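Next come two complexes built around subunit A: one with subunit B, the other with subunit C.
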Partner chain A sequence: MAQELVSPSTLIFTATLLAAFSGAPLLVPRLLSASRGQLLATMLMLAASILGLTGAVLVLVTACTETFQLAWTLPFGRAEIGIDPLTAWFLLPIFLIPGCAALYARSYWHADNYPASVRKMTFFFGLMAGFMSAVTLARDGITFLFAWEIMALAAYFLVATEDEKPEVNSAGTLYLITTHVGTLGLFGLFPLLTLAAGSWLFPEAGSLDASSPVAAAMFLTALFGFGMKAGIMPLHIWLPSAHANAPSHVSAAMSGVILKVGVYGIVRSLSFFHSVPLWWGALVLLLGVVSGVVGVAFAIGQHDLKRLLAYHSIENIGIIFMGLGVALIGQATGSAAMVLLGTAGALLHVLNHATFKALLFLGAGSVIHATGTREMDLMGGVARKLPYTALLFGVGAVAICGLPPLNGFVSELLIYLGFFRGIQGSGIAAAATALAAPALAVVGGLAVACFVKVYGIVFLGAPRTEEHAAHHEAGWQMLLPMTILAVVCAAVGLAPALLSGMLQRASLTAFPSLGADAGTSLATLAPLPIVSATAFILLGLLAALALWYRRRLAAAPQGETVTWGCGYQRPTPRMQYSSSSFAELLTGLYSFVLKPLTHRPGIASGIFPAGTRFHSHVPEAVLELVYIPSLERLYKRFLPIRRMQSGILQQYVLYILITLVLLFVSDYL
Partner chain B sequence: MSLHPFGIELLQFVLLLGLAPAFAGWVKTLKCLAQGRTAPGILQPYRDIRRLFGKDIVLAENASWIFRFTPYLVFGVTAVAAGIIPLISVDLPLAATADVIALVMLFGIVRFFTALAGMDIGTAFGGMGSSREMMVASLAEPAMLMAVFTVSLASNSSSLTQMVAVMGHAEFVIRPSLAFALAAFIMVALAETGRIPVDNPATHLELTMVHEAMILEYSGRHLALIEWAGMMKLTLFFALGIAAFSPWGIASDGDIGALLLAFGSLLLKLAVGALVMVLIETGLAKMRLFRLPEYLGSAFLLATLGMIAFFILE
Partner chain C sequence: MTHTFAVQLNSLLAALILLTAFALLAQRKILGLVHIFAWQGFFLALSTAVIGYASGEHHLYISSLLTLVMKVILLPYILYTLVRKLKVHRDIDAVVNIPTTMLLGIMLVVFSYHLTAPIRELSNLMTRSTLAVALATVMLGMLMMVTRRHAVTQILGFLAMENGLFFAATSATYGMPMVVELGVALDLLIAAFIFGIFFFHISTTFESLDVEQMAKLKETD
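Here is the complex of A and B:
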């Protein structure tokens, strides 16, 4: 009995419920003051995180798979929830990030400063976290859709936390529209699944044949529905504005985890099939390449700190898709090594992106808190006043660039190794991977450029404006979660071998065909211990240098003088490169997709020239140049049908009645 | 008598550290000869480094710890890269880390922090240099990876040491894929090490500077470390090219005789390689910054052609 109580599934279910209703006490204003309620909610969320993480790790270590039947009377057949290593792997970020974000919010969004919004914000935050976990636990279509919708709607209320601002409102609306268009795809997916598998329950992994037309339709609807949530490139339009306008800890949770729930959906639906055709893998790989390259190119053009980070999420989802594409191509060509390296790389990048992106968003929140603006061109020299935030943000920046010795390097390395395997294959598979591999290098190079820009403009140099100079370091409730995330980034980078068993088990759940090839194991395919060794050498070297530096050299004589400005006698901070001037070369290079807008006035002439202004901006080109014009055309075409929408409630009730009668009648026919 | 693999690692490390300034001096001497100037001698870089170490540092007033820490980091990380590229032997334990990718990433760290140091001092110069360096790097990296991929295809292995071992024992045949890849590699290496036609290491003119603009504010031992690391990087790129395209003579284990032979052939190949580079540098003018994307794009295309040639012809 005692053993039963602490079983991993009990831990995870308890954690899910605890997280989902952690904010519920706040809804009764008479029960608790807002500040106390927030404290209680934070404690509950932290407890949920610890329980959930423990449970997930236990599942991953023991590789146990369990399903439970829910008491349920809806006419869709059985409802089931369950756990397996794949679910558990996604539960790691789902419990880690909201826990950290909740603690951060205790200081960042403190009840005393935001009395109007703190109650609903805290409640929906818990709800979102709990139901993200529920989505991964669901084992049938209906339970999945319920959990999915609650998660998506809770996220809407979080994006719209400050709904008195018009830009927040429109970002929220855009999110709401796109998330439901995505759900429409899922409404297509699950009936197709019942068609193929015979029930709403999820079939066994690898049990459906992928060559039928139904399977192809399922693949495409899943890619559309889940891709919308994951923010894959042509479907990403909601993401930049939603991430930019939500409170920073919400952005951290959304970018870190909600996108990953979309990825989970795709991995789970792919796992149903065996013998997938080659074009599935090629399509996923292509989407990954487009998202990766175009996402990071857009990121470089941004001057709003959080919008920039949002575009990096699109880029990283692209990297994850590249890994999945490699895995699918491997499955189609019968290369177990490719399947394992691709899946493991993608899954590890899910965890890695969750940690470093959450870290970066939390760091951005601290910076915005201190400077009072999201506009990078107004900041500068923040590292001087916020040394700890600067250090932690730096860790996140190095990690997201995929540089050793941190975690981003490890997952990208696994995907690169998958590419290497693919290139040594033959035919189209080899050609596809050969062309995709340099795309990953392009993404890496541009990411480095972009984070040099962010870090250099925001943290280094001198403040560009008096008004937005930073004054104070963040409090411990903001620094502690960031420290935890930074430690995770470093730990995964330094000792990836510790995770290889868990990764292997999670990959095996997704693609059970791997089990047939007993010789394939991550430990033999990827030189993880040597990665660790190199990372430790690097770290030891840096530590030794730093120590030596502190002991000896800091005391050595050094003069200080004004920076050389070509002999100009009165340099001002405004002469520094701005984020737009830094990015100008690269945005120029990619202007064929970015379509940057520049307002370039002629240089004034005359003896006393009047003042003049230059500004440039990289808009969300896909939304503004593709979607909106075509949707407007569609809107005009469909105006006659719109007469049905009268806005009179009675009429809608009538519609519902007519529909019900028709359904009733059709049942008898 | 034979050397332990870690002994070889250490030997390579010492070799690179000691040899890099001499190599840079050799390049400078050849260049002077080619341009009809009097050469300062091969040993001049050693004297320069010693002189810089003896000088005091003058810091810009905006400089934070990043600016002061970067020279040490650049030097240390470049030295670690010496453990990955097979200079004299392929028996390198560290090199098993999917080396080429790890190598690109190590140089990535160096570039990341150098560019940050350029931004740290808060002038237009630093930002200008960082921005330009980032553009060059983001285009050069994929081309370099593509070139190395072609070699990995031709030798049917993904690790640099295996590639070298396979190619070193193969018969000498001119393979079209390798010829294209070599051309691409040379173009990229010129960009990565900041030589003409991409960047001119010898000038301080704001219209053309790339790398020099980033490190303009460095002085004293900081500058010495950065210069030294730059020389090591140049040598490493030559060593990488030699290892990938003409590894003949390299030792396959730690046998002392073989190592000596490998060392001799390395010196010879470096000397010849420097001559090729000097001829390129003397024959060409520095390219306009805005034309660099075309230059690096062609390098990428050449590498892709090499890969296609492999699929079609071999």
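Here is the complex of A and C:
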């Protein structure tokens, strides 16, 4: 294979380099004008996407595994990169989403409108995309960490694109701190891996024994380091503000793919082990349930469209973790069906969440572009002016809710099937899966409620403010990427059987113990053809219903009034449901964790009641009520130790002298 | 020159180096410090040459020559011009007064001798007895950095430490490999340029060369 000029690995490596340096020409302002440079970078990114996707699909179809040694001399032994179906599966979103987002940026963040930031934004966008791919290609700890850090730093510069705004700056700083705290976990993980496996190279899948304490430490550090990046619930604090403050296409790429690179890290590190103890699976499942339920509950309370989508990312990462938890429990109890269903469900949800969340973020970007605000309570009636965006956003919304006939349904179905397999078992494993299944159902239900709110408030009704009424439909560069993503959503939902072979190969790479049991295959475990058939029937019914409704609407009398007019004499658009009134019931239900801040108006009294206002806000409770207070306490507690940092030069030299003398003495003793 | 004579000569030079290290601790005038530093470099160069001659390690002659050029001529010259240009003459009052510093220094020398005693037992090099002096010179240089407040004396303390390290290398193993020594010499030269630039910046920013002023750079709580 390696001798061929156009082998899948060559395609993928070329695509990675092409993506990483697509923005480099922009760094020389004399060479290219910003607009032309952006066009060139977009075309390079698109070329990288096409090459990379082709390569990844080829790897998945042929299930080839190759490793290459890097010619590099650092004192860590050999450095390797390689491809296998697991890497290739994660490369699908890594090349699909940034390609779409780059095209979108050509219109959304056009060089003529943002001359100050377009150069660095385009450069770091390409760098981030390329090094996300490099992370999945790395086959040893050092290469992995290099790629990981470059990816994380590039993402920081993207979050901080509009660094003249203070809230963007603070979001960027929070991201930078958390990403480095996460990397600290990885600095723990890889030396432990070296300790267990004997070299910095990644060991063969399933070659390490998971019952040793070193393995447990590795599992926990991996969960911490990668979980921080993936945005799993108690570690998600950076995610809402970073996603809300980055440009929309960057949010799409970050939410769609960077989080998935974190998931990749976890899957890859779990793949090293065999005979996994039960508590690993239970812990991952628990984290998934917490992220899923609490994430979606937070989402319901948001008024900022992009913050809301960011919390949905946390929810979906929770769903992915539930799938991984099922797989690990299956491994502990020896149920190959659970392993396959859980892994396949998690991996498919990785791709699905990447597509529909990118679609939603791009759609949100179009809406924000048209209305000039992120506040949902100022929008309204956007669907009339942006019909295509509304339709595409609707597709994304249905997909994220896990409803048929779109892709979210398929992956959640696989995870449900995994749960049901688990319930048939016995002991703690059965209890855990039995408790997790309703949690997934709750997540699905709340997600529907949340997107009904988003769609109703933003797209339907009438514009709430004159100032933020939408005016224009997005350009083709914005609509085309969204259409591509919507088509992928629909295709996966309508014909999941097409992917089952690839999914199975990717799952097999992650958990090679599956190969021992030849009887388990995704085709026999999951009723994918029935899913397809149902999806097509449902689509037909929907089309028929839409046609019938349209015809009836044509016959109905045409009139225009304000939504929720309710027979008042002089209704105004402000009488419509607002995002907080819609969500009031649900945020109230979850107030024990959301801690919403509500300022209620006093009851109007007297003949001429004074003006009053209602205000509600759901803060990032985990950050503001847990992390910041505990860090402040830590800061105060360590005040005496900080006195050591006097800033006086002689004291520092004295510290060195004392250390030196103590070292000598200790050696002498 | 017989072997025993060389050993005795080397011991004498080691004593002189230790003496200059103490002189550095005691001297208050900055120009005087530069002179003492040059003398220390001269004794070091001489000692290196003697060891080179007695041990037959002829690459030590190059080291000796390098030391002579760098530490006796070039660095003192740079420091001398700096001191003239910055118009500094006397050191600012030390953190610890000079008699106490000397006592601390004596303790460090005793400590060094105590520490290197096992090495004296094991080694069969002719320079084994001077290792304690070398270690003491390093620690005395460090002590000078701890007790003095003037930026130029800080640098002199640092350079004295470097002298001690160099002496330790020649005493313990007849010198470092040539490449390393050339590298160190180059580093010193670069360091001289850098601290020259820094002196000017410190003196213009704080209008003083007192390094305690730099505590102002610390973030306040």
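One rule holds in what follows: the second predicted complex is superposed on the first by the 610 of 669 C-alpha atoms of A that agree within 3 Å, B and C clash if a C-alpha of one lies under 4 Å from a C-alpha of the other, contacts with A are read in each partner's own complex, and residues count from 1 in each chain.
What we mean here is this: a residue touches a chain if its C-beta (ideal position, glycine included) is under 8 Å from a C-beta of that chain, and two chains touch if they have at least 3 such contacts.
Source: prediction; values computed, not measured.
S.K.: For A:F664, using the defined touch cut-off, is the partner it touches subunit B, subunit C, both, or neither? Pick first, second, both or neither.
M.R.: second
S.K.: Touching A:R642 in the superposition: subunit B (first), subunit C (second), both, neither?
M.R.: A:R642 sits against subunit C, while subunit B stays out of touch.
S.K.: Based on the superposed arrangement, let me know which partner A:A449 touches: subunit B (first), subunit C (second), both, or neither?
M.R.: In the superposed model, A:A449 contacts subunit B only, not subunit C.
S.K.: Which holds for A:G501: it touches subunit B only (first), subunit C only (second), both, or neither?
M.R.: neither
S.K.: Between subunit B (first) and subunit C (second), which, if any, makes contact with A:P203: first, second, both or neither?
M.R.: neither
S.K.: Output check: A:L654 vs subunit B and subunit C. Expected answer is one of first, second, both, neither. What do you get?
M.R.: second
S.K.: Show which residues of subunit A both subunit B and subunit C reach, each in its own complex.
M.R.: none
S.K.: Under the definition above, what is the set of subunit A residues touching subunit C in their complex?
M.R.: My answer: residues 639, 642, 645-650, 653-654, 656-657, 660-661, 664, 668.
S.K.: Would you mind writing out the residues of subunit B in touch with subunit A in their complex?
M.R.: Contacts found on subunit B: 56-62, 64, 66, 68-69, 72-73, 76-77, 79-80, 83, 93-94, 96-98, 101-102, 104-106, 108-109, 111-112, 115-116, 118-128, 130-132, 134-135, 137-146, 149, 152-153, 156, 158, 206, 216-217, 220-221, 289, 293, 300, 304, 307, 311.
S.K.: What does subunit A use to touch subunit B in their complex?
M.R.: It is residues 380-381, 383-384, 398, 401-404, 409, 413, 416-417, 420-421, 423-424, 430-431, 434-435, 437-439, 441-442, 444-446, 448-449, 451-453, 455-457, 460-462, 527, 530-531, 533-534, 537-538, 541-542, 545-546, 549, 553, 556-566, 571, 573, 575-577, 581-586, 589 of subunit A that touch subunit B.
S.K.: Which of the residues in subunit C end up touching subunit A in this complex?
M.R.: 95, 111, 114-115, 139, 142-143, 145-149, 154, 211-212, 214-218, 221
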